[in-house]
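Structures given as structure tokens follow.
Two complexes, one shared chain (chain A), two partners (chain B, chain C).
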Partner chain A sequence: MSVAVRNRMSYGRDQRLRQTLRIFFHGGYFSYRALFNWQSPRFYVPTMLAGPAFQVLFFAYLGRYSHVRDDAFYVVGNAVQVSGMSGVFGVAITVGGERWTQTLAPLLATPANRMALFLGRALPHIVNGFIVSAFGFAIGRLLLDFHPGLGTIPELAVVVLLSTTTCTAFGLVVGALGLRWRDVFTIANPAYFLMLLFCGVNIPLSALPKWMQVVGSGMPLTHGIAAARRVAHGASLSSVDGLIGKEALIGLCYFAAAYVLLRVFEAEGRRRATLELV
Partner chain B sequence: MAAIEAENLRRTYKQTSGFLRRRTKTIEAVRGIDFAVDEGELFGLLGPNGAGKTTTIKMLVTLLIPTSGTARVLGSDVVDDARTVRRKIGYVFGGDRGAYERLSGLDNLRYFSELYGVPPKVQKQRIPELLELVGLTGRERERVEGYSRGMRQRLHIARGLLHDPPVIVLDEPTIGLDPVGARELRHTIAELARAGKTVLLTTHYMYEADALCDRIAVIAKGEIVATGTPAHLKSAVADRTVIEIEAYGAPEDAIRRLRDAPGVTSVAVEDREHAQLLLVQAPQGSVLTQQLLGHLDGVRVGRVTAREPTLEDAYVSLVTEN
Partner chain C sequence: MRIARLLAVCWWFQLKQMTKAGLFVFTSIIEPLIFATLAYYLFKAGHRPGTLLYAALSAGLMGIWTSTLFGSGGAINFQRWQGVLEPLVASPPPYALILFPQTLAAASIGLYSLASTLVWGRVIFGIPLHFVHPVAFAISIVVTIVSLGVLGLVMGASFILYREANALSNMLEFPIWIVTGVIVPLSLLPGWIHPLSWILAPTWGYRAIHNAALGGNPWPGIGIALGLAAVYFVIGQAVVVAFERRARERATLSLV
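== the complex of A and B ==
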């Protein structure tokens, strides 16, 4: 059993990097399976596919009924936002759920790089969120009047993937808060509806009161959805680079905030026994 | 160099209650303890519930910061050098929670191998070895949610050994196990010590500490009241007699009278199904059974026997007399 000891002695920078990457990728994968209970079709189909599909249809028909905007407006807005099912709920559960499984103590007793440990948990949800969004778009294409040109699809996919990533970063913040304040759902539920209102999903930001516009401009998805609408109408990626840049920047801020929060809570937990570590 | 050193280690908890008028209560969980565990030693921290065992362990495994004092694991400070300590120490806690229920036992071990930075090639060899050691071979692909209490406990042990740590701490590892399971677990722990590991074990079972440990520190109300080999602890009560009195419904003040009686060193009360068992310790030849019974005037008394003290009595006297 002294292989590990010897390995540790000759510990290169290389090996440490490899370990960190493994925590990021493999660790992310294990945590997804360990903590996220919507993997089985019984849960996945209703929450990740049916629910989002109804959301897209509901708002599109509401829009038709009130003669405000065309289907495309609602399809793009909602199809991007439904990624929050994964990006907000999923991520929040994989982070905040440590409390239910009571695995926080053994987890934090490991020397694992915390950045890789926590951010790795976001990775599977970015992929999953992208799938959920793609399904939302497919529903719009099949059942509603949403017919983007074939050529726009790759560029649309880039914008959607970016938005999903930003949304997942936001979900990490929600998960961190849930970990500290006992219940993730009491935070994740309002967070999801907050996005529905403030991110220009169904109501253009310009139609909201000034203070809501300010909040909305700091939220994930707001700029991504605006960019996706234009790209779906045939605009090129380079013509929306300002929006994409802002979305990316906001995403980075949320990732940073989540990391800082988790480190602060970990330190606080060790000092004040607040994380109920066993 | 000692494998584990604690110097004047102290930890308090603050509890706030009340909404408008917030009151803060300070709980002194560990009140400045000193102990050292040598390399390769199997050391027991023995004490009743609430004595501060878990708090001590959590400080050693870096999950709690000491309020004051220091602790070192193989020379590394648990606060200043927490990450090094985490690499050197394996942490096994009692109880059946703390594994990912939805993952198989194998995947739990694979996940924690990653977190401990065990390279994949080493994992391939070590995980089957550990499964074999804790007797989970053949069941490793089942989800943990279907595991019995004993299997979960053994999985915790395997997890604590993934990174081949030189120091292992186990917090009440046999709690809630059936006698056979507990015996097997003790066997595994003894084997670890034989393989050269330093083992720190907490327990509230005297016989467990006696059977396993090279040395024991008895902890009560956050303080270490005695340290030594099991034989050494026992010699502290060697010159005593234990008088066991079976009583039916002895009131508090009768027991207090007994405790204050001249010559009596301690009285422990064990509740049995229909009766109480009063364990009276006194120096040999110092009191007569007849006198003791006089203090229990009006209480119905059953069998009365006198016997030699055991290690259990040594423990009871340490925990109750201090």
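== the complex of A and C ==
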């Protein structure tokens, strides 16, 4: 193969990579900006900060009343789970919401790389979910009996970031289902609240029936929350690498499932001409 | 007579509409069942078996508040989106008499929550449904729903001016569960919260329902909830008139 041909191929690869990265970052950024309500503090503060903060407080007091575990158990469980406000609802609205805004058909008419297109939409929600989660921890630290050592915070942040990412992958699956079923909230609402029940957020997994433990072990957040609890008690990251590995693997499975579902429902939407139905 | 007919027709229409909406089916049935299951396993893990009926009952009452919150908070926004808010405000009856049956319907939808969590508790977890004062139990439920409906009127009216009403609804679900002591007794909460809970009719309604079902005197709770509902109704009417006037002046009624 001549040098000129090889240079042309290399240039083509570079350009495709640049396009893919542009779709991933710019597309994700603009899709987040398009959640116009979320840009307003009048919406963001009550929904993304105050609501999750009250969730942390509610379950901490319920925990005190039920005598199951201490405040730290509920603060860590709920502070990690509230990342689902962004990871599940945000992604579901971003992907499923393309239908309401009538942008779904034009979007899917483009030749853009689908992986970059949809994963890019998840990225801002991972960042936002992390912020929501951090606020939940801060509330627990300020108002409840939760006092992790300062040295645990960087390691806790790593676990929370991973958990937020897996939760967002789960949100992508929910969003993909929103391409098939027209009301994405019918799926997102139960998905968010079922995590409270199955993922060991408020009830130790050992206290649940066997079948619920099995379901929970395949859900996002379950292993991340368990790892975060140990890290908050002073364990090192290396001592929870098994839990972190499981959480990461589950996240990858959800990303893969979301990608497959998005492609399947895209093809089905084209075939049945349902992409523009609201 | 015409007012009674107006209230009944609006209430029934709204009830039917909400029963068919996926969001309300979730908030009034699915979500309370999730919380009932969660509370059941939580109390079981904490070795408090005597509280299992309390858990099922409380989850249902939590559902009544959620339905009221999203139904009342969203009532005006739904009308905005459907483009009927302006004609309704311009129609001859006072707008408060149109809004109140809608918020009452939202609270009534909460009956689904209570029924579903009690049936769920009985069928799935075998919780015996033995109510100490059955007649008082039924009366306290009706009074609680009416008081929540009137509270919804005050809340819904306040949202005339606030277009991000959904955001407030998202925020207010958990705090009212905390402050009214629906599942966590008020004695566990900081003292400064108590006065706040006393001025909320659901606190007394929930207390009456718990006492009627599990033992205790439900009548003081019923009486105070009714009294507070009357006060809320007067406040609600005034708020609707004031906010409606302000929204007309600022031409924001139909803004979505």
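Just so it is clear, the second predicted complex is superposed on the first by the 262 of 278 C-alpha atoms of A that agree within 3 Å, B and C clash if a C-alpha of one lies under 4 Å from a C-alpha of the other, contacts with A are read in each partner's own complex, and residues count from 1 in each chain.
The criterion applied here is as follows: contacts are C-beta pairs under 8 Å (C-beta built on N, C-alpha and C of every residue); 3 or more make two chains touch, one makes a residue touch a chain.
Bear in mind that the values here come from a model prediction, so they are computed numbers and not experimental data.
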Partner chain in contact with A:228 - chain B first, chain C second, else both or neither: neither
First (chain B), second (chain C), both or neither touched by A:112: first
Touched partner set for A:19, first chain B, second chain C, both or neither: first
Partner chain in contact with A:58 - chain B first, chain C second, else both or neither: second
Overlapping contact positions on chain A, where the chain C interface meets the chain B interface: 37
Complex contacts: residues of chain B adjacent to chain A: 13-14, 54, 58, 61-65, 83-84, 86-87, 91, 93, 95, 97-103, 107-108, 110-112, 114-120, 122, 125-126, 129, 159, 163-164
Complex interface listing, chain C residues touching chain A: 22-23, 26-27, 30-31, 34-35, 37-39, 41-48, 162, 164, 166-168, 170-171, 173-175, 177-178, 183-185, 188-189
Residues of chain A that touch chain B when the two form their complex: 1-5, 7-8, 15-16, 18-19, 22-23, 26-27, 30-31, 33-35, 37, 101-103, 105-112, 117, 269-273, 277-278
Touch list for chain A against partner chain C, complex: 37, 40, 42-47, 50-51, 54-55, 57-58, 61-68, 183, 185-186, 189-190, 193-194, 196-197, 202-204, 207-208
